[in-house]
Every structure is written in structure tokens, then in C-alpha cells.
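These are the structures in question, set out in turn.
Next, two complexes with chain A in common: one pairs it with chain B, the other with chain C.
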Partner chain A sequence: MDHLAQFIVAGLTTGSIYALIALGFCVIHNATGIVNFAQGDFISLGGLVIFTLLMGLKVPLIIAFPISVIAVTIVGALLERVAIRPARSRSIVILVFITIGASIFMRGVFKILWGKNQMGLPPFSGETPINFAGATLMPQNLWIFGITLISVIGLHFFFSRTRLGKAMRATACNPRAASLMGVNVNSMVLLSFALSGALGAIAGIIIVPITTLSFDIGVMLGLKGFAAAVLGGYGNSLGAVLGGLLLGVLESVGAGVISSTYKDVIAFGILLLVLFIKPSGLLGRGDTERL
Partner chain B sequence: MRIGLSGVKSLLGLAILAVFIVLFPLALSNPYYLNVANIIGINTIIVVGLTLLIGYAGQVSLGHAAFYGIGAYTSAILTVTYGFNPWLALVLAALVTSSIAFIIGTPTLKLHGHYLVMATLGFNLIANIIIVQCDSVTGGPSGFPGVPPLAIGSWVFDSDIKMYCLIWSMAFIGIVLGLNLSMSRVGRGLRALHSGESAANCMGVPASKYKVKMFVLSAVFASVAGSLYAHYLSFVSPKTFDIFFSVELVTMVIVGGMGSIWGGLFGSAFLTSLPHLLSSLDEYKDIFYGFILVVILIFTPEGFIPGILQKLDFYLKEKGQRNKKRLDDFLDEPGFNGVAGIPLADSCSSKRLEASNDIILGINNISKSFGGIAAASSLTFDVQKGSITSLIGPNGAGKTTTINLIYGVYKPNLGTIIFRNNRINGLYPYQIAAMGMARTFQNLQIFDNITVLENVMVGAHAISHNEFFVSMLHPPSYWKEEKLIREKALEALSFFGLEKEADLPACQLSFGEQKRLEMARAIVSEPELILLDEPVAGLNRAESITIAGLIMKIRSRGTTVLLVEHDINVVMSISDKVVVLNYGTMIAEGTPIQIQKNELVLSAYLGGSL
Partner chain C sequence: MLEVENVHAYYRGNEALKGVSLEVGPGEIIALIGANGAGKTTLLNCISGLHTDMVGRISFGGADISGAPAHKLVKHGLVQCPENRQLFGSMTVQENLEMGAYLWSEQNRGESLSKRLEHMLRKFPVLKSRRRQLAGTLSGGEQQMVAIARGLMSDPKLLMLDEPSLGLAPIIVEEVFGIIKEMRNEGRTILLVEQNAIAALDLSDRAYLLETGSVTFSGPSKVFMKDARVRRAYLGKDLEAPNSSC
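Take a look at the complex of A and B:
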């Protein structure tokens, strides 16, 4: 039990990342209803670009960070323009599988550009541990918590206070009605892909220093983010954060207390149980068919 | 025995496929491609099951690689570790897989959309980790070697060409079974629940059972494919059964065009061979694979094969432009002039006497609240056998709620509902449908993914019996029932003047036609009681009169009618009894004349007293 605090800190750290990724899923879902399986590749790309900037071009972090985010944001927007918008079908399943195809494509490109090797990045600000409430915190943990918190607050502010954010929410509710009210639905969808690209990039950038980087690092992270979003109630931002943190903690405590080989079994097993009891996730509202 | 056009097309397709299967190895120069063809055959078996699950039942599963793996590992372990006969092992593996699929499927298929996708994906991840971790049984991450080949007597399937014969015979049988099921009563039921689960339930399709059964059946297809795979390659590795293969399998279904077995065959052939075709591109392989996938999905979203077929169809029948029947023609038809011309009250008065004193439906003291709002409180009224009873009231009075309570869509908090002397509250809609009740819906619930005729045939689900097994094998008894249902459905369509539209997709009908289609779908089962929820809402006066006449005709066929309607003219002219609701309580009950004079009713409708 001594290590419990440590497991929780570790869990909250990865959980924060999952939360960011889950938010990326939610943003796109809310504008289009689709699951963007290329979300994981936004994470990979964020990590890969900042790796090249920091290690290859020796750009300082303060500049490399925004450049990486902007780069992936553009890629997100591009994905929408070249693959989603021209699609002849508006069927959700088709669009979802277009993102899967796009994900395979992007991974192929990353593999050629960055190779198959494992890469690593040093933490943003040293490795002096900090003791806090019985647990040891690394400075990178604090960066992760802080940046996640800022992103979540920023996103909340955007959706609840700005005109653009409200227009996006209206699009999510009813695209046709929103378009009749003068909202440019196409731009909203484009914006949602760009925004989720940015969120993916941030997640990728802050996680790289605590893990090893490879061209497909985002695949598993993307799945975990999807799981977190579903756990919280798909499309619900607060649910995404809650689901992410919960999944992170469950995984970490499960790995520490029971067995690290079964950590995914524990995390996904609990996810399944939650869904069986509450089929629309923790904070999700079920769709009811009206007769 | 009428096979129908789709049947002829299927037979032709099967004949071409059979010829192709036989000729393919003869035309082959490089034996390497035989190996690819075998893998395509194995994948095809899985994809046929998945096409039925995804394309027909509308349930997307990203967990079928796990069932494939469970089949492969069970076969491998039973034959190598325990020395079972490979064929017996194949059957036992299918049994094990179907049990697991049933246990997983029952809670999982209650989920919808992304939740279902996530749950099946989670299951696949868990299954994969367990296979890797139980290395004493499964050989762990390095795999399970030494699986013996299949054999019939001394004839051992130990070469690519022998396995080709076996695998493609099995794939062919799989395709036949899949096609049979897709065209059957079960296939219609699955597509109906895909389009509208609650509506299908009300037609007598046990939606949740069907989903689970289809899930289990598709898992069995995957398991058999897995067993074949294990014996073919003599080696199984956990990597073959990870979530990425699940994704690939679903991609095959989608690229081929969901809802088409032939498309599934194409998808499996195309996506299985694509990496081999691209192999010369080395490291650029993935990029092209992804690119081709995206392009196909962008430009032929209905699937490659159906996309091409549709274009062919389009060129073949230029005259395919539909002769839309106008309402005027409809009213001029001989069958209807008795109704359209004559004032309603006259044509009805003689029929009023038919109502007997037997009670077919008794509503006793039922209450239902949503949150704090009482949608129905202490409702009590009876419906006499052979009558037309109308339920009226202002918007929000609880009329549709009452219909939904009677039909089992909602469960009442209190009270009992007696139908034909049986207590029915607590039963599911599909069970109530089987007891002789049918209904239409306030918001149209047309199954827009099937034809007009098929919609009506789904309406006969409750009175027919061909289940999964029979629907796959098509014995003579199957055809007998199918013929009977088709005849009944055509008769119901002509009753509502829709016989010429029978083979059109239901989504192409106009609003008025869709309303009549719903009524045709409800009468095809010759129910004892029919609940009509606002049948004339949104129709013009002439159309309303036609429908009112048809309601009278339905009653004269021996069906009792419970009508919910806002059109007071229609209600007053055809009803034997009118029940008035307001704020979930009954405020009046009586003959149309009594209701018209009732002060409570007047004040509820007009506000204040007169």
C-alpha cells in the first residue's frame, strides 16, 4: 500500500494524456458524429515533429512546442479537406473507415520519414524529483498536469463563451438547423479536425519525455483515448476528462497491485463492466428512439 | 416454388463463382498465388458472417479476430495436446466459440454505435492478452506449432492445392448459407432492426435475440475459418488475431459494400491480395494500401461491387424512372369510390352495430410517469371487440404514451392491461405482436433499407416461423411459408393500393404512400387489434377520407381498431366510442355524440367553459 500514492500519481499522469486524446475524439465526434481513428497519428506526429525540431534542428522548446502544434493542426485540417469532405457518403461507418485508411497512410509516411527506430527526448525541465504527499513527482509530471489543465480550461472557455465555440456546439446538435441559422457547417467540421489535431499534438509532445518515441506510438494511445472517451460518455467533454483520468489510474494501480502484464486486461475489463451497467458511459446520455 | 429475381441472380452468381473456383488453380502459373487464394478463402468465410452481422443487422464488431483466434487455438490445442480428431476439434472449437460469443454478446449487443465498437474491441484486446499470457496452454507469444493437417480417411489435406479444394468448398458453402439467410425471413428481420430497432420489435422481430443469434452465428463462421487456418498453416500465432486484424476484417466488409455477400467476397479477395500486389513497393506498401483504401471509400462508398452493379442497373433500365401514382388516380380506382364519394357518417352508421360487448382490450388503472411528469395516471377504459375506439385529447395529453404502454414499449408503473384475457403488461412488444396486436407509428417508422413488399413481409414476422437454421438451409417447408407470406403481403399492399410499388425501395415512397405502407404492414398479420397512431396526420382532406374508409374496411375484416387521431372529423365519423384524455387522465368516454356535447371536453379543447 506504500506505493499506492505513487501508482495514483503515475496513473493521473498517463490519465491526463488519455484525457487530452479523448477530448480530441469528442471534438470531432461532436461536429460530425464520427470516430476519428487517425487521432492516434496526430499524437505520433506531434511527438515526431518536436523530436526533429529539438534534437535535429536544436530549436528551443518554447518555439518548437507551438510550431509542432501548428504543424499537426494543419495536418488535421488537411485530413478533413482531402479525405472527409470529398467523401460521397455521409454514412458514419464509411467516414470512420476513411479515417482508418488515412491512419494507415499517415503511419506509412511517418515510417519512411522517421524510420522504425525508437527515439527519446529529455524532460522539459530537468529530472530533480519532488516529494509530495508520499509520492515522488518528476517535473515532467507537473508539465503534463499543467498543460492538460490549461488545455481543458481553454477548451471549456472556447465552447461555452465564444461565438465560434457555440456555433460548433450547434453544429453538433443539429447540422442542418445550424446551417439554416447561418453557421457554415463545413468550416465547423474543418475546425473540429484542426482542433483535435492540436489536442493530439499536445498529448504527443508532453508524453514523449516519459516514454520512448516511435512512428506508431500513437496507435495504442489513440485506442486508450477512445476507450476513455467511451468510458466517460462519448462526446461529453467532462466525461472525457473523467474517463481519461479513471482509465489512467485503473491501469496504473492494476499494474502495480496485480500484474503489469494484465494492466490492459484490467483497464478494458472495467471499461466493459461499466458499459454493461451503464451503456452510455459514466456521464453520457442514452439516445432514445422515439416512436 | 417461386425463387424470384434476386434468387435467379444469386444462382447465376454462384454458378460463375463455382466455375471460377474450379478454373483458378488450372490457370495458375505461380503456386505462391494458391497460398494467397487459400487465405482469401479463409477470410471470406469470416467476412460472410461479418457481412450478415454488420450489413444486415447493423452491429459493427471489432472483435471477430478474437473468435477467429479462439477457433484456431481450440483446434490446435485439442488436436496436438489432447490428440482429438481434427474434424471433431473443429466442431468443438465452434461450440466453444459460440458459447463465448453468447456470453460476450448478450450484454455487449445492448450497446449501440461507438459503445458497441469499443466493447467488442476491448474484448478482442483482452482475449489476445490472455492468449499471449497463458503460455503453458497456448505457447504464448511465440505461437503454437505442429498442428496436424486435416484428413478424410487416408486422404490428407497436406498440400496447397488439396487445402484449396477444402477451403473453397467450405467458403462456397458459407456463401450459399449467407445468401440464403440474407434473403429469408430472418434476413428481412435483421435489416428491419438495423433500420429501426423499436419498430422492428413492434412487428414481432425479437431484436435483441436476433442480434445475439447473428453475433453467435458470425462467431461460428470465424471459428471454422480459424480451425481451417490452424490446420492449413500448422502453426498459430497470437499476432494473427489482434485487433488490427479485426479492423481489417471489417474493412473488407465495408470496401465490398455492407449488405452484400458478394461484396464481402470481393472485399476479402481485394484486401487480402492487395499487400501481395503491392509487395514490390517495399516500404511504400502501407502508404499505397492506405491511399487505395481511402480513395475507394471516398468514391464508391456503397462498396465496389454494389457500386458497379448499381451503375449497370442504371444503364440497363433507362425506363427505370418511376411512374408515380397520383392520389387522384388512386381515388378513382374502382375499389375506393364507395368511400371517397359518400359522406362518411352515412357509410359508417350501418357498421356501428358490429361492435359486440366482448372486451378485447382492458386498461385497468394504469399510471406512468417520466421523471416527475405523469404521462398517464389511473387510466381505465375498455375496447370492445369489433369496435373502432378513438383516443383523443390535446397535444401532450398522453395518447401516444398510452399506445406505447399498451404495446409494451413502455412499462406502466401501476395497473394492468388485459388483451384477449391475458395480462400483457411486462411483455415485450414482439411478444405482444405474436398475440395478435399490430400498430402504426406517429412518427413514420418505415424500414427504408428494404423494399415496400419486404416491409410488409416484416409485418408478417409475428405470424411466421422460419428461424435461423431453416432460413440458412431452405428446406421445402421454408418455401411454403415464404410463398404464403408473400401472397399475404401482396394482398395487404393491394388493399392499400400500393401493389404497383411492391418492388420499390420503401424510402422512395411519398409521405402519404408511406402512411398507407405502415397500415398495410400492420394488417398483414391479420391482427385481432390494431393500434393506429395518427394515421391521417399531415394528409389533406381527400386523403384523410380515403384512409378513414380504409379503417372502416379493416374493421369489417374482423380487426378491432384503437385509433389515436387529431382530426376530429375522422374520429367523430367512424368511431363507435371515443375516449378523451387530458394531462394523462381520462376526462370523458362515450359515443361521438355524447363527447361532442361534453363540457369537460369542450373546455379542454377550447380553454375555459362555454
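Take a look at the complex of A and C:
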């Protein structure tokens, strides 16, 4: 267990990414009740777009980052507008299947545009390791922690303090009543897909420098993020963050102690365990509303 | 102010409203009474834009609003307090009230949202100590207060109350009707749907009786109280043929 600190740092890093992805799942779930299986492709697209901007067009990072996020945000909004809204009156299961179809379609397009090769990106700022509490941190780890923290705080501020954020929560809670308050429910659903696109893009952009990039990098990450969301209590934002970090750490420590071959087994084993023992997740409530 | 002309509404092909006409003038309290399933809520939902499978003409303040989506009607000053309160249970009482002023704060008529909130909490003192509590955890009576306060936040020209006394203890029902009376004295225009016909007739100016999708009787509430048909059906004063099984 000499490397425990190192495993925890590595776990918190991937855990931060899982947390961002899990939040993306939550935002859409809360607005629509849908599990959006195209969430993983938002991650891939974020990474692919910033790769092209940085390596192909030589755009500086500070400009490439927001452009990539905006691009995926637009794709998220388009997904809602083109594929989800025309079928909104259908049952949830149909909508979930539409997102699966959209995911396969998007992956196909990515494969045509970017090819099947593996790509790589340099870290945002150098590769000088930093020693901290017995663990070695790369600057990219700090970027990941920092950007995740800012995103989570920003999201919390948006949902708890802004008029639009509250309207989104109201829509999630009771769409009919929200429309009686003058909230345009369709716009809120559109916004939730855009927001999830942005979260997915951020996750994709910050993880690419510590992994290899390919057109389908988001598939496994998306599933892990989904597992994190379930672990935390599906739909609960705080749960998504905790679930993400916990899943990252358990996976990393487990892989370190046993073998990294079993990394994915550990993640999905935890998912199954949660579903068997406490299906509502760590912070998930049963229905506590009084009628 | 509100004119409903010959409205037909449908639920999966079944006709729920069969040509209903109704009128609400400024400052009037109108009671809409009738049994379960008579179409009272459907009519309100048609007016507020929640129910779209309808034909007929609905105008409000001179503007044709038939078929307009619900979220556009609040702007006109038409607000519905839906049946069963329909609060945002996972949001605090204060946030629920803020949602009531969702468009109001956009237009912001010179008064700040926090002032409006304070005003409403003075009007409903019960809610003051509960403002940070999640609305879903309140008692039924408190929830009804939140629902009415939320409806009033945008200072509507017409407030439609759907069964405000439903499922409440008698003493709370009295309190709710007290609030409606207060609103009447302030000159607010209200369309009140109630199963508690006596209480509704008692505080309204005029009333409509809805039976299986049609208005079968309408007139001043005082006349209503004396009408044999109404008494038999809704006031439980039928002495000719007592129903022993109830």
C-alpha cells in the first residue's frame, strides 16, 4: 500500500471526469426523465473538436477551449431539436432509444470525419511533476480538479441562484405547474440538452491530455459516468459528484491493489452492487413528498 | 373580462365539454360547481391552455386566447392555481413563490422581487417561518396557502382556483375560504371551482352549474341557493328522496 496516495490522486482525477459526466446525465434526466445515452459522444466530440483546433488549426488553448465547448453545446441543442422534440409525446423508453440511435449515428459521423486512428494531445501546461503528500501530481491533474470544481460551483450557482436555473428545477419537478407560471417547458428541455453538451465537452477536453483520443473515447467514459450517477442517486447533483469521485477512487485503488486489468470490472461491479442493495443510490431519496 | 363561447373539449375522442359558455366580468367572483367528472377542471385547463384538444372561442381582456399555450397566458394576467396544488415539492417555499413571479420579475413593474415576496409573506404569515422549508414537506393546508400565494405573486387580473379546499381538514377549509373572502374584498377577479358548493355560493357573485359537460344552470349565487335542482344535487338538502345508502 505504499502507493495509496498515488492511487487516490489518480482516482480523484478520473473521478472528477466521471462527476462531470454524471452531472450531464442528471441535468437531462431531471428536465425530461430521459437517460441520454448520447452523453458519451458529447465527451468524444469535445475532445475531437479541441484536437482539430489545437493541432490542425493551431488555435491557442484559451480560445480553443470555449469554442469546443460552444460547438458541443450547439450539437446538444440540435439533438434535442431534431431528434427528441418531434417525439416528445412518446413514452420515455422510446426517447431513450432515440438517444441510443443518435449516439450510434454521431459515432459514425465522428469516424468519417476524424478517422479510426488514435490521437493525442499535450497537457495544458507542461509535464513537470509536483510532489504533494507522498503523491506525484501532474499539472494536468490540477487542471482537471480546478475546472471540475469551477464547473460544479458554477452549476450549483446557476440552479440555486438564477431565475433560469430555478425555472429549470421547477420544470423538472412539475412541468405542468411550471408552464402555468409562464415557463416555456420546451425551452427548458432544449437548455438541459445544451447544458449537458457543455458538461460533456468540458469532460472530454480536460481528459484527452492524460489519455489517448479516438472517435469513440466517450463510450466507456459515458458508461462510467452513468454508473457514477446511479451510485450517487440518479438525478441528484450532489450525489453525481460524490458518486463520480467515489467511483474513481474505488476503481483506481482497486486496480492498484488487485490488477488494472480488472478496472472496469470494479466500476461495473460497484454499479451492480448499488442496484442490488440500494437502488436509489447513496443520496437518492425514496419519494418523500407529502401529498 | 373572460369570455368562453361554445367550447367543446375532448379526451381521447370523448367529448368532455359539450358547448360551454361562461363569462367573468372585472371584480366578479364566479363559482363553477358540479360533481366529479362534470368537466370543471377541463374547462379551467382549456382556459389556461393546458388542455389543447378543444374547439370554441376563449377571449381574455379582448384578446383571443383559444389554443394559446399555457406559458403565454400568464403574461396576459391569467393565472391558474391547479387542482391538488401542484407545488414544486423539491424547492423551498420561497422558491415556489419566486416561480409565481417568473414573468413578473422579467417585466418588473418598478417593484423588486424581494419586496413582492415580503408583501406576500405578510399576507400569509404562516409561510414566513416556513420560507426555507421544502414545499413538499408542508402540511396540506400550508401547501394550499403556498399555491394561492404563488398564484398571487404575479398580481393576476384573473385568478382561477381549482378545488382549493380539496383534501383539507374542515378548520383549514375555513381558513382557505377566509383568504378568498379577503381577496374578494380587495376587488380581485376570481373564477372558483369547488365541490363544496355551499361555501362557494356563499362568497361568489354568480355561479355556473356544470353537469356532464354542459352548463345546466347559471345565475346569481343567491338564486342558486334556492334552486331545487342545485339543492338536490349538491347541497345535500334533498328531502323528497333521501339516499339512504350514502
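Here are some notes:
Throughout what follows, the second predicted complex is superposed on the first by the 284 of 291 C-alpha atoms of A that agree within 3 Å, B and C clash if a C-alpha of one lies under 4 Å from a C-alpha of the other, contacts with A are read in each partner's own complex, and residues count from 1 in each chain.
Note that a residue touches a chain if its C-beta (ideal position, glycine included) is under 8 Å from a C-beta of that chain, and two chains touch if they have at least 3 such contacts.
None of these values were measured; they are calculated from a predicted model.
Of the two partner chains placed by the overlay, neither chain B nor chain C lies in contact with A:128.
Contact with chain B, but none with chain C, is seen for A:94 once the two complexes are overlaid on the shared chain.
In the superposition on chain A, contact of A:173 is made with chain C only, not with chain B.
Of the two partner chains, chain B is the only one that A:35 touches; chain C does not reach it.
Chain A has more of its residues touched by B than by the other of chain B and chain C. Within the superposed three-chain model, A:117 lies out of touch with both chain B and chain C [touch as defined at top].
Common to the chain B and chain C interfaces on chain A are residues 289-291. Contact residues of chain A toward chain B in the complex are 29, 35, 83, 86-89, 91-94, 97-98, 100-109, 111-112, 223, 226-227, 230, 234, 261-262, 264-265, 268-269, 271-272, 275-276, 279-281, 287, 289-291. Interface residues of chain A facing chain C in the complex, by the touch rule stated above, are 163, 166-167, 169-170, 173-174, 176-185, 288-291. Considering their complex, residues 54, 60, 107-108, 110-115, 117-119, 121-123, 125-126, 129-130, 133, 196-199, 202, 243, 247, 250-251, 254, 258, 283-291, 293-294, 297-302, 400, 404, 409, 441-443, 445 of chain B touch chain A. Across the complex, chain C meets chain A through its residues 48-50, 69-75, 79-80, 82, 84, 86-91, 95, 98-100, 102-103, 105-106, 136-140, 143, 150, 154.
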